[in-house]
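There are two complexes below, and they share chain A, which is joined by chain B in the first and by chain C in the second.
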Partner chain A sequence: MRVEQIPAASFFSLLSEEGLRIRLGPFNVRISTNLRHLAEQLHFLYAHYELVEDEITEFHVKIVSKRSIPRPFSASVHFLVDDQEPFPPAPVNQALAILEWGINLAIALRTNHLLLFHSAAVERNGNVLLLPAWPGSGKTTLCTVLAHRGFRLFSDEFGLMDTECDELLPVPRLMSLKNQSIDVIKRYLPEASMGQAIPHTQKGTVAHVRPPQESIEQSAKTAKARWIIFPKWVADSPLRLERLPQSEAFLLLASNSFNYEILGEAAYKAVTRLVKTCHCYKLVYSDFDRVLTALNELTYGG
Partner chain B sequence: MFWRSTDFTSLLIEEWEEEFIVFQPTSGKTHFLNKLGMQLLLELDKYHQSAYSEDQICQCLLDRFQLQSAPHFLEQVKKTLRRFEELGLVEQVKRDPVSAR
Partner chain C sequence: MGNFSNHQKLLRNALIDPVSVLDYSISEWELLLRLVRRVKLLGHLAIELERRGLSNKIPVRAANQLRSGLIRAKKFQQLARWELDRITWALKGMNIPVVVLKGGAYMLARLPSAEGRFFIDLDIMVPQEQLDQVEACLLKRGWRHREISTYDEHYYRAWSQEIPALIHRERETEVDIHHTIAPVTSRIRLDARLLFDDAITVGSPEYRILCPVDMVLHCSVNLFQNNELADDLRDLLDLHSMLCVFPHEDTQFWEKMISRANQLRLGRPLFYGIWFTRMIFQTPVPEKIENTLNQKPGLFSRWIMNALVPSALLPLHPDYPARFAQFARFLLYLRSHWIRMPFHLLISHLAYKCYLRLRPPSKPMIKK
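Right, the complex of A and B next:
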């Protein structure tokens, strides 16, 4: 059963009572909230996610609204993961942004059975294209375009690698666009399903794009990486897709991992295998049409 | 001052385009070494547990790379040794290098 099959009226009851138990790639998450407007946003943006029936949920997250004594007329929202509150409270209208960041934080901090890269990842013809990058490089924006132009979305945020078999695991989550990227994507991908813009968050204005349905439906289908591309959006720049020396690719990839040092030797060996088996590039771009042409050529051509 | 490698055989080493990515299991750290740094470790490990003076190490490296002695080379080698010592890749020993062989 998927979220979209639950009537809107029952959906709020589910979230506010026993909690919504859904599958996000390899993670089962239970989400609870007493906020009706967050329930409405989730009913639309989480429409294609599958409900978890009898399996254990790895994370239990809650968004609760409270009024504080010093400011009784303005409620704030608190994010809780297994009853811990990792963030300061935020204004009520930011509930969705806080929930999404909170789930990402829980994945980043609690997943040590997989090697985690801070990376977008998409798949074509059974091969994964990893796009590791730090915030501000345009990774999510590019990933959103690719996910709507013939690539299957694995994640806009995490490259999850099983170091036992070198398979990458999809975790297709909402893609959180920021500031100018929101209008850029509205213009370039008018068909994208996007939530309302949320202004004045700690990262500026954010809006969430729903992953394509096929990406969510195929989220159990793993694949190995074949290309590693370190992208950077630079205004008005001509497209540059250049081979990266393997030693540099290794360093960039290892320093880009959330848990490389925790996994130690297993991570070193896994990154070594990745770099040896993948084609590694550095990408500078400013234009989606050109980047799509280049990546289509690369991924269809070999 | 004499130097020797600590546990060279435990290191995992990958060479790419004459650069070396080294995993050190004892610290869990990964190091990025150039050719000179790797050769320095190799020279120190050549006679296991033997110690080399800084001048001897310098001479070995000059011979290996077929270089003329340059004024700053010894300083560069000393600096690399100290950095490697901080990383636990080499250690200082109080030992006569000749009698140690």
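Right, the complex of A and C next:
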């Protein structure tokens, strides 16, 4: 059963009572909240996710609104994972944004049975294209475009690698666009399903794009990486797609991982295998049409 | 005794007899994982199941979570070991005895509970006379204090058993430097020199840990004198592990244990240590041995502690926290302060903490 099959009326009581259990790729998450407006947003944005039945749920998160003694007149929302609050509360209208960040944070902090890259990932013909990048490089924006133009979305945030079989695991989550990217995507991908823009967050204005239904339906299908491309959006720049030497790719990839140091030797060996078996590039772009042409050529030709 | 609620039984059975998890249902596993995570024992349970060859016989999702916890615990052990190596290097030639305490000590002593034990800070103890020298030396060699308020600085220096934590500028491991094992404001008065005199070397000649009986005493003092007990099950498990292993290594362990506790006048925390490891982990402690201690708690204190401590050490049910357990934790929080400092200090300290909690935040809540 999927979220969209739950009537809107009973969806809120599910969220506020036993909690909504959904499958996010390899992880099961249970979400509870007493906020109606968050329930409405989730009913639309989480529509395609499958409900968890008879499986262990690893992440139990809550969004609750509270008034505090120091600030009695403005309610704020708190994100809790297993009753721990990893970051300060935020204004009520930011509930969805902090829910998404909170789940990402919980995944990043708790997952060490997989190697985690801070990377977008998409798939075509059974091969994964990893797009590791640092904040501000436009990774999510590019990933949103690819996910709507013939690639299957793995994730806009996490490259999850099982170092025992070198398979990458999809974890298709909402893609959170920031500031100018919101209008850029609205213009370029009018068909994308986007939530309301949330202004004044820690990262400026954010808006969430729902992953395409096929990507969520196929989120149990893993694949190996074939291309690693480090993207960077630079205003008005011509397109440049340059081969990276393995040594440089290794350093970039190792320093991009969330848990490289914790995994130690296993991570070192896995990154070594990745840069040896993948084609590694550096990409500078400003225009989506040109990027799509170049990446189509690369992924169909290679 | 034996009045554990269902979620407490679920956790307790898994820790006492790990094989019992093979019968757990999916929903019991889910709850168990949340409880184990709360008391920082993911790595511990992972090791216990691995030792029995059960890692492949449990649900994959559970195995992944346990393995993640174990990998993290091992990494932090490695970091603590390296920090200890660097401390030893920095203090080389100064001829100062450095005694490793708590997690680092259990690791060096290879206690069974140490292999998957998660701990972040490295705790060491040096003689009070040489504390300034050690601090100055480490500050010169790249360690620094984290910024803390003047009040906290005063709290550490004047009232506690340790100085504000040091962190090397290139690393993240916090080093806590103690000069004794109980806050100087508490009612416990002991001569820390006795602890140094009996400390033993382990592994390398530069690494010292407390002798077994003192390790047990420190763990008990830390639990029942210094801490608030909420979710401190890991420390009680250390105690259980020590009380299982040490009597095998030394047939006179229990005689030495009792006479040392009497000598240092630490009978009361040891009494509770024995009492609660037996109650929660069924530790094989000789019957009634705690009655030979000099400073036993009275019947009323025993009755109160018996009623409150299990609710604090064992985690709350994550979805349905019992009101009684929350109240018990609150009372034990007050108790921990009550026994940590004299009344006049306690009142001003709690008043200050209360003020910190209630005053409007000085910075805007989100934007940094």
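In this section, the second predicted complex is superposed on the first by the 302 of 302 C-alpha atoms of A that agree within 3 Å, B and C clash if a C-alpha of one lies under 4 Å from a C-alpha of the other, contacts with A are read in each partner's own complex, and residues count from 1 in each chain.
Here is the rule we use: a residue touches a chain if its C-beta (ideal position, glycine included) is under 8 Å from a C-beta of that chain, and two chains touch if they have at least 3 such contacts.
Please read these numbers as outputs of a predicted model, since none were measured by experiment.
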item	value
If touched residues of chain A are counted for chain B and for chain C, the larger one	C
Chain B versus chain C as contact partner of A:264, first or second or both or neither	both
Contacts of A:180 with chain B and chain C, given as first, second, both or neither	neither
Partner chain in contact with A:112 - chain B first, chain C second, else both or neither	second
Touching partner for A:90 - first (chain B), second (chain C), both, neither	second
Partner chain in contact with A:251 - chain B first, chain C second, else both or neither	first
Chain B versus chain C as contact partner of A:272, first or second or both or neither	first
Residues of chain A contacting chain B in one complex and chain C in the other	261, 264
Residue numbers on chain C that touch chain A, as the complex places them	26, 29-30, 33-34, 37-38, 59, 61-62, 64-65, 67-69, 71-72, 75, 78, 318, 357-361, 365-368
Interface residues, chain A side, partner chain C - complex	28, 54-58, 60, 69-71, 76, 82-83, 88-91, 94, 110-113, 201-202, 261-264
Touching residues on chain A, where the partner in the complex is chain B	245-247, 250-251, 254, 260-261, 264-265, 268-269, 272, 275
Touching residues (chain side chain B, partner chain A) in the complex	12, 14, 16-17, 19-21, 23, 25, 28-30, 32
